[in-house]
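Pasting the structures in now, so scroll down.
Each of the next two complexes has chain A plus one other chain: chain B in the first, chain C in the second.
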Partner chain A sequence: MILLLPAILVMALLAIALAALLQFSVLEFIPGSLRTGGLTTRNLDAVLSPLYLRYIWDTVVLSALTTVLTLVASYPVAYALARSRSATMRSLLLVLTLAPFFTGAIVRTYAWMLVLGNTFIHWPVKLLFEPAGVLIGLVHFSMPTMILILAAAISHIDRTYERAAASLGARPWRVFWRVTLPLSMPGVVSGSLVVFAWTFSALPTPELLGGGRVKMIANVVKDLALDAFNWPGSAAFAAVALAITFLLLAVVTRALTRAGGAAA
Partner chain B sequence: MAHRPILAALVVVLLLAAGPAPAADPLVISMWGGNWKDTVEKVIAKPFTAKTGIPVEFEVGGTLDRLAKARVAKAAPLVDITFTTSHVGRLYMSDGLFQKLDMAKLPNARDLAPEARRSDAHLGVWAYVYTIAYRPDQVKMDITKWADLWDPQLKGKVGMPDFDPSHIITISALLEGGDERSWQKGQERLKRLKPNIAAFFSTDARSQDLMKTGEAPVQVMLSINAFHLIEQGLPVKVVNATDKPGIVGIDTMAIMAGTKKSDAAHQFIDLALSREIQEQLVLTFKAGPTNLKAEVPAKLRGQPGVFTTPAEWRERGYIMDDETRAKTLPAWKEWFNATIVAK
Partner chain C sequence: MIGRVVVGLLVGFMTLPTAVVVVASFNPTAILSFPPEGLSLRWYENALTYAQFQRAAVNSVIVTGASALLALPIGTAAALALVRRPLRARGFWSAMLLSPLIIPGVAIGLGFLILAARFGLLANRAVLIAVHTVLVLPFVIRSVVANLDPELERAAASLGARPRRVFRRVTLPLLRPGLFAAVLFAVIVSVNEFVVSLFVSTRVTEILPVAMFTYVVNYTDPTMAALSTLFIGATLIAVLLTDRLLGLSRILHIGDDR
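Showing the complex of A and B:
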């Protein structure tokens, strides 16, 4: 019980912060003033307007697309990282995977701005300040984590199952599809959940690569709180977004766990 | 006798442990970062310390980040002086974060342009305008007036701030015969600008990046930032618009309520408003002085945002009402995000 004390204290602090957020969300915003008025439901009503629901929808779509694309792009790298016979190759892949962690989100995003803009390459379609550009940045940002989670899952697969399938005449692609992939589902589920959750709260990537035109939930919360100084409105939007995050995570967890269970 | 060396060593150790004599309690200034802080440190803080012996420290951050910080530290302010824009100063005042200035301690304030006296709690230290700045090497047409922003030749080339759209909203209203109070008059005009908008920016640094990379080679830009880019060698033209004036911005100084260094803070502000310091600020920032006695070099006279006489303050820039701006900004932002920013 004593060992749990630090964790309980941290949770208590977070609960107080959350309570303050909820309290602000029901206080009246007075334009041109830092003071708040009495109790009101107006902030929550405003958040449920089409404009703000659209920001939430855009965030859900971008997060889902980021998760799927990150998974597809990361799996082959993770597989190679876990299964390559060459130690040099494994080291090289590990270094390349870890390298982005040492550059920081802002530096990486600025680099993407140069790549996606017209500074060095003239793209046939506009990528910078478009959802496609934000998606590319989010996928790149999420890949190292997804690769590491998937590689850990793949390296824990007992290879005798794959050899048994092959000895019974299954071709390599069939072995992967029917044995390796299902057995790596715990990694797929955890990686997808992590990527979905943090993409849902992404701030610098959509802020910089979206050029103000692509806004996700965190950008709108920031806009309301720090640009319009509408703290009650910002708190209401954050509270609604938090509730939606929990709901979506519950749905995604259930769906992925079922898919994993069925596949296994 | 044998104890002498030990005693001497002990004295030396104690002296070292005591460290140097403590410096005077520093005056803490809340300020924007980058060029803003560097200039204020060099032009105002150093002479202030030389004159008074009081060191100066800076807390840097964005306009509204610092406001948020000031609000949560209201009971015990973390800074003594705040530099902020004039309308955001109104927000500080709404929560009693500024103290009333003692004008008897600010003799240099007598020479201020009336427009720089924003309230009895905050005074203008320099002026600039939000105007059009563009890169002639990337834009084929000659831009001379605000209405040119709507020209189809500028399709996908214009950048503007989204953290505070009050400038372009007011300009649209002015072009349609309204002003910031009747801003709705410019709504339809502003909607027609959408095809020309390439990007929005939320910081001065992003604005300058967009200009450098050519992603948004035409911008509704802070004149000081445009002059800064020119100094860096970028081919940028700053427009003195012929149809409507630029929107004037006045950065102000105020003393935080509850500070224990009110006297030193008054001295700092008075020094910042002195003719000599104002002249240096003009040279460094290419901004307009608020002290009407400050000399402005010939090459800067008539430049956007540089006003040298009471008549120029009135005629060459449009000054929005601070209170209207502070109160209407949330509504402007919401409309702007929903109608102009949203695809």
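Showing the complex of A and C:
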């Protein structure tokens, strides 16, 4: 218990900060001042207006699409990573997967600005400053995390199950669909949760690749707090985002756990 | 065969931006062109001599160093407490300690900004260090927990080793790979942290990712490409070194060891 104490104190700091956020969300905004007025529900009312609800809806849609696309794009790489017989191949894949993971959001998003602009590749449709471009950037950003989680899950599968299925006459694809994929469900569930939660609060990718035309929740929170200096309004929107994150996580966890349980 | 092609294409997708940045960094003119009309190192010179980048780099070293130094002992202690039995409500504590991983960065950032304003610490680097410690702690705890087996400590104790001896001969050697992974993750997370840092820093205290963001928003010349290439190069060396020294697959629990 004594060993836990320092960590708990650090986390208490976080709890106090979040409490301050919640407190500001119900205080009156005085334009041109960082001071706040009395208690009010005006911030929360504003946040629940159609304009802001659209930002929330866009964020939910983009996060869901990102999660699905990331899952589909990451599984083959994770499978190769976990199952490759050559240690060199495994190391190569791992380094190529981890390098973007380690280079950070700003460098990677800037790189996508260059790729999606028309200097290097002439895209048939406009991608930069459009939702499609933001989606590409978000998927690319999420892939390393998903690959690592999936690869760890696939590595943990006892291969005797697969051998048993094969020896009973199942073709490789059937073995994959009926044995490997269901057994890797814990990885699919936790990977999807992490990617969804991270995408839901993504800031730099929509900020730079959306160019002000594609806004997710975090961009609106940032605009309100750092450009308009409306801390109470920003706090209200951030509090709503916080609540939605936890709600969605709870719902998705339940749904996925149930699906995973049924499949296994 | 199809599988290899698919994996190749996907890995190509993942590395495409890196390749483009490296090519762009040697572009001789301020406006990018492809294929490039020559090679130039002027953007590297620009990136390395730009005063705001220099200041931000110093800030990054201070903030990352301080937060890693704080989070490492705090996180290791917490990991030991979580792994050993008995601990009441272990699930609750572990969920609480890992919560910064799923709380939106803008909420953490704005919360700390409000706190900093209230205590008159708006331009103080201490706020950045505190926030980074919070954000890095879950990674430290996870790395240490993943590489620790309390059964071995119990085995040593049951064979008659005193607690101190168990700690020195069993716990510490077991901790080593976990601690290394913890340092690695702490540094990587802190060096790249952007969202929360954007909220709690000023032009004077801002760390490198924030300075880079501001540059990208305001200028379009390839200076950022040069700085990014340096970042990518440093990262690649760090990743390769770690793989050589410790084996990435082992730290990350990936691989076919059955």
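The rule we apply is simple: the second predicted complex is superposed on the first by the 263 of 264 C-alpha atoms of A that agree within 3 Å, B and C clash if a C-alpha of one lies under 4 Å from a C-alpha of the other, contacts with A are read in each partner's own complex, and residues count from 1 in each chain.
Note that in this section a residue touches a chain if its C-beta (ideal position, glycine included) is under 8 Å from a C-beta of that chain, and two chains touch if they have at least 3 such contacts.
Just so it is clear, the structure is predicted and the values come from calculations on it, not from any experiment.
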{"item": "Room on chain A for both chain B and chain C (clash or fit)", "value": "clash"}
{"item": "Which of chain B and chain C A:L69 touches, first, second, both or neither", "value": "neither"}
{"item": "Partner chain in contact with A:L226 - chain B first, chain C second, else both or neither", "value": "both"}
{"item": "Contacts of A:L44 with chain B and chain C, given as first, second, both or neither", "value": "neither"}
{"item": "First, second, both or neither for A:L21, with chain B first and chain C second", "value": "second"}
{"item": "Partner chain(s) touched by A:F29 [first = chain B, second = chain C, both, neither]", "value": "first"}
{"item": "Which superposed partner A:G211 touches (first chain B, second chain C, both, neither)", "value": "first"}
{"item": "Touching partner for A:L13 - first (chain B), second (chain C), both, neither", "value": "second"}
{"item": "Touching partner for A:T97 - first (chain B), second (chain C), both, neither", "value": "second"}
{"item": "First, second, both or neither for A:A170, with chain B first and chain C second", "value": "neither"}
{"item": "Dominant contact partner of chain A by residue count, chain C or chain B", "value": "C"}
{"item": "Colliding stretch - chain C into chain B, listed as 20-28, 146-154, 218-226 or 236-244", "value": "218-226"}
{"item": "Footprint overlap on chain A, comparing chain B with chain C", "value": "34, 113-114, 117, 119, 207-208, 225-226"}
{"item": "Residues of chain C touching chain A in the complex", "value": "3-4, 6-7, 10-11, 13-18, 20-21, 23-24, 32-34, 73-75, 77-78, 80-82, 87, 93, 96-97, 99-108, 110-115, 117-118, 130, 133-134, 137, 141, 188, 191-192, 194-195, 198-199, 209, 212-213, 216-217, 224-225, 228, 231-232, 235-236, 238-240, 243, 248-249, 252-258"}
{"item": "Residue ranges of chain B in contact with chain A within the complex", "value": "62, 64-65, 67-68, 71, 90-92, 94-95, 97, 162-164, 198-202, 206, 209-210, 213-215, 323, 326-331, 333-334, 337-338, 341-343"}
{"item": "Parts of chain A lying in touch with chain C, wherever the complex brings them together", "value": "1, 3-4, 6-8, 10-11, 13-14, 16-21, 24, 34, 73-74, 76-77, 80-85, 90-91, 93-100, 102-108, 110-115, 117, 119-120, 140, 143-144, 148, 151-152, 155-156, 158-159, 194, 197, 200-201, 203-204, 207-208, 217-218, 221-222, 225-226, 231, 234-235, 238-239, 241-242, 245, 249"}
{"item": "Chain B partner contacts - residues on chain A that touch it in the complex", "value": "29, 31-35, 51, 54, 113-114, 117-119, 128-129, 207-208, 211-213, 215, 223, 225-230, 233"}
